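Look for chain A in each of the two complexes below; its partner is chain B in the first and chain C in the second.
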Partner chain A sequence: MNSDQLKKNEPAKSTGKNSRRDFMRKLGLIGAAATTGAVASGFTSQRTPEEEYVKVMTSDNKLVEIPKSQVKEVKLDTEALQSRGRLGIAGKRWVMVIDLAKCRNARECIKGCQEHHHLHPYQYHINTLVMQDNPQSAPYNMPKPCMHCDNPPCVSVCPVDATFKRQDGIVLIDNERCIGCRFCMAACPYSVRVFNWEEPFQAQLYEAQPMEYDVEANIPQKKGTITKCLFSADCLRGGDLPTCVRSCPNEVFYFGDENENAVTNGTTRETVVLSELLEKNAGYRLMEELGTKPRVYYLPPKDRVFEAPEKPDHHS
Partner chain B sequence: MNKYYLIVVICVCAVLKSSAQSSWLVPQEQKEKLSLVEFTDAMRASGKEVFSVKCTACHGMPGEGTFNALLNPSPGDPASEKFQMNTDGALFYKISEGRVTMPSFKNALSKADIWNVIAYLRSFNPVYVQETAEKIETNIAPGTVLSLGISFDESKKAVAVQLVGSLEGEKNSIGGVGIKLMAKRYFGNLNIGDVKRTNKEGLSYFSWDHSLPGDSLGNVQLVAQVDQAEVYGDVKTEVTLPIAQVTNKPPLNKDRAMWNTVKKAPIWIIVGYTGGVVTVWFFIFYVLFIMKKVFALGKEPITEEEKVI
Partner chain C sequence: MSEHNIKINKEKLDKIAEDVLKPVGFNNAYINWMLFLTVALMACIYAYVIQYREGLIVTGMRDMVSWGMYIANFVFFVATALVGMLISGVIGLLGYTWIKPITRIAEMIAVAFAAVAGLVIVSDMGRPERLHHVFLYGRVQSPILWDVTVVTTYLVISTLLYMLPLIPDLAIARGRMKNAPQWMLKLYKILSFNWTHHPKQYQLLFKATRLLIILVIPTAFAIHTVTSWLLAVNSRSGWDSTIFGPYFLTGAFVTGMGAVIIAVFFFRNNYKLRSYLDEPLFDKMGKLLEFVCVVYFYFNLNEFVVPAYKMKEFDAIHIHELFLGKHALMFWFCQICGLIVPMIVLLWKPFRKPVPLFVISLFVLVGAWFKRYIIVIPTMEHPFLPVQNLPNEWVVYQPTVIESAVTIGSIIMGIMIISVLAKLFPVIPIWEMAEEDEETKSKII
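Let's look at the complex of A and B:
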């Protein structure tokens, strides 16, 4: 096939907003047609020797093969990114485990996160708090990201469907829809949502290099809207661990898929069985009594390798 | 006088012993381990990259003394004399295994990456002269091409991994080689059992209880690897077998819930809301209808008898 034939496949009116997505869909159709055709005719594949084939993932997550000569690089527009972001990754249930015994407040997770999501230094998608459960016990550091609840109160109260829960469990916020009412901030029992009171930290960069809004990374940030922890949904799509998990130098974070019953440590990259990890270490979730069903588990701060932090104010 | 010397000797021994305890003991054979290749500039550059991502948080920049002094045991400056006293093998062991506050990088970094980091750190030592290791002798004839095969043995309820060596068209089973079996997970490989040595038939068995979750068809991707890659080379094979547990859990946003989209809202909300809207509009139209009726009545002519004075 040459480029002329490819042109004929496109409807004349496809020059509108959706043309890129239509193109992606067509790539999928061509691939599907080619494979089903091959099965029906009984031939494995009829490839001309000089033509090279490449594997391509379509926007609906199908793996297809197309001739290399037909590959055109397509940049996803905001709309395509939004529909992909709403859909999530099929067959996954992301889960995070935080080992409190390992945290020494290095704040590398915070730095990595702020860099990834273009946040002001005072804005935290993840924060580390100094906790003390009672006057007798030693204080400990507690990283606190969004819990990505299975029963999210923040999503229930959103009047414009800007914040939503996807099939893989991640709770995202669409800054293009958000009206800045901050109902979700009030509803969240974990106080993990952040408001963009000012122009974004990288506003100058956005002016110099306009970029498409990616709902899976919340960039570019937008003044007057909510921003929150996203489990680095854009990284997960590429098979990478979230930024905070990768940045930690102290083996604090485990991240993985509950369906696979496996989590991987971001520092040592050791993969362990999730159910065993939680059972052996008495894993727990925050504010279980609220019925929010968080997707973030904590392992209690026992056998610590770092010295305890100073006592928080309310116990001194 | 002799007594005095004895006390001094005992004291010196005690000091040496206590300092030895606080230092990091590396097994002798690990200490003597050497890189198979000579460090190059490319290795140093790649090592610098790895170092800046994985090590700077605690060790700071080498030579600048910007390590985190609050940690116990102290991470130390990699350019310092004490640090450079370590042999290449000792550095490799320490990076690979870790202890207390130093994490293990066995899985996080490849062996090549660790050697690259060592190459980078050695560039801060002007008096360092590298020694490279001689090729390790094995009982396998030189020129043999190793290959692995994975199959499921129903009768033994185990995954069998076979190591075969082919030399000039002749195939031989190879025994006594450590094999690692892993299951592919989304972010890394999960070890299944410990490293097992192959028997005389070149086979090693990993018991399998079908509890490992697979995909919606029960398929699982298994990876078998020769454990000592530096001796036998990077021999690896992957296979997908339908021996795992079928995992077919529904999407998390499938059920009707308060937080779900309009279409998936609870029935009582949809009925209640729609009913409310219909009732309000009905009332509005009812009032308008009555008003229209009143207006129409007002337009009707009234007979003289009906007029009330």
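Let's look at the complex of A and C:
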């Protein structure tokens, strides 16, 4: 075996998170790599005692042995990440509950999110707004992520299927596909969509360390494309709560699976029954009248734990 | 109709051909004009290169106002392009013959503006190099797909409507323009498709033109209705309107008439075609402009007075911005100078004379451009949820120099296309003008 082949077969670092499907896919690739390796170097089926062997299963369910030196971990490429990213996580219906009585505008969710998704300081996947429902009521803080609508206007208008709705309820954006027409921004009644007007915040990092595009985290960000809250789909795949939910110090966020009827508080890690939480606290969704069917619920800001923020200066 | 035989008056033909073909061909003044346009266009293209390199950050658009001048300009171009349909389609099919001398000018505007509209929309894209994604991954649910389809169809039909009636004229011109350069005669030869003025050829031409004229009407309705839907399908107040389709369509007629009158006025004077583009023609065009203004005014009344009466929360903010707020000056300029005053003064014959009509049309066209601006931008400035935590300069939209240059570039391109067509080919259909009058009435209908 020449040195080039050896180099090629060196294990590469894997950054992707595993699922059963990808595990099988990797094994298939390893099997194929092992076979070609054997042919190229003229191996016979005879064992040489010095070499250590491992058993692997090929994609067609054959158990084979290959020398350990031939084992190569396959890195998930953009395409693999995109195809699993478009499918989503089977059996899940993610849902978020935001308790407005608890939000003190600590802005930790924003910080965590901006770091996770490599955003400029002025780009918000989640933003905390000061809201006042009418002149008599006290103002309150309202974290505003993407609503991940079940009837998403942004997805309807996208001309190239760059933004899409997954089976687990999440609305994602594929910035390898996006043409930057910004129709989705015009369509979103919650103004949650953000555009990369200039080079992304981490452009230098991307240049120094090229990375595979992960549609579930939407990084690397790309100039001229849309980005938005993704419910940290990459964290969910790894069994973690979204970044904003985990970052909150004030017990504001609950996150979970509607199918299980359970949501977990990101601060206390306490899991509660979703339907009970919403019933007891009169949970509501933003702009129900538009028929967008959001997947984010709000608990009204009654018995609030914070001083009312200053009245918002009304735009325009 | 297919039984119709063309009768061309030979003497009339000679006279018309001589007058119409005289300005055809490139003279020094024209070359200077084109040089000027080219230099100006180069500067605008450079502005676009900067935008392509740096990203849309060089424009005034930001996350709140994410559609700006480019989209307004796109709507304006599509609107102006519709005049081809109005003249040849609607008025032509109704059997009016006074439009004969201006059909080609109207089609020229239609072709130029429809072609440039496509480019304008590309200049608004964050990733123009991915334009092919629209064809690779296109989703029929998206109004953008509908728009791409109908704009392309309209461009094809308009080009055919321009080129087909040109065939006999080029055959006529080929025999008469002895001093023209060789390449031009060659081009005429190719584009006249061996036309021999045989009656059968004319019958085919009539059939084809009639078919196109019928097809162009639904296509043109579709193109502007779909363009209005790009806005109306969104739930933002100001766009969330059920009459946006007809409102845009009638607005397009006003814009297009303004453009065609300006062009006709120009050719009347500079091409010395006063005897063909005569005062009665201007009177007719003035009446048509009056009519489309009245219709458009009616739609404006519906579009603004009804929400202003109810004053629903977000509609109230929008209406206030337009009537008394930041955009009031522009809004009232469009409504008063671009619509209401023209609508009133055009009732009197002296205002339908060439010079006053030309001035009125200038106001109408400029008003029409700003009206598109008023339709697109204010709505984006007040979304449903408050705008907070953004840099101040990101909240209010202000077009930048680069953005304006790219927009001006698109207008220059439109003028260039018209300039080339108007110098390369006759601007008035010679054979149609030379046709015996009594015959023409039965031609189309």
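Here are a few things to note about the model shown:
The criterion applied here is as follows: the second predicted complex is superposed on the first by the 242 of 316 C-alpha atoms of A that agree within 3 Å, B and C clash if a C-alpha of one lies under 4 Å from a C-alpha of the other, contacts with A are read in each partner's own complex, and residues count from 1 in each chain.
Quick note on the criterion: contacts are C-beta pairs under 8 Å (C-beta built on N, C-alpha and C of every residue); 3 or more make two chains touch, one makes a residue touch a chain.
Since the model is a prediction, treat every value here as computed from it, not as a measurement.
Superposition note: with chain A as the common reference, chain B and chain C can be accommodated side by side. Of the two partner chains, chain C is the only one touched by A:M131; chain B is not. In the superposition on chain A, A:K92 makes contact with chain B only, while chain C stays out of contact range. Using the contact criterion defined above for the overlaid structures, shared-chain residue A:I179 touches chain C, although it does not reach chain B. When both complexes are overlaid on chain A, the residue A:V194 reaches chain C alone and has no touch with chain B.
Contacts of A:D161 after superposition on the shared chain: both chain B and chain C are touched.
Shared-chain residue A:S69: touches no atom of chain B or chain C.
Looking at the shared chain after the overlay, A:Q204 reaches neither chain B nor chain C.
Shortest separation of chain B and chain C in the overlay equals 5 Å (C-alpha atoms, whole Å).
When the two complexes are superposed on chain A, the residues of chain A that touch both chain B and chain C are 153, 156, 161. For chain B in complex with chain A, the residues that touch the partner chain are 54, 57-58, 71-72, 98, 100-101, 103-108, 185-191, 212-213, 215-216, 247, 249, 251-254, 257-262. Interface of chain A with chain B (complex): residues 88, 90-93, 104, 106, 108, 150-153, 155-156, 161, 164-169, 239, 241, 249-251, 255-257, 259-262, 264, 267-273, 305-307.
Contact residues on chain A toward chain C in their complex (touch as defined above): 122-124, 127-131, 144, 153, 156-162, 177-183, 185-187, 189-191, 193-199, 223-225, 287, 290, 312, 314-316. Across the complex, chain C meets chain A through its residues 54-57, 61-64, 66-67, 124-128, 130-131, 133-134, 136-139, 141-145, 148, 230-231, 233-236, 317, 321, 325-326, 380-391, 394-395.
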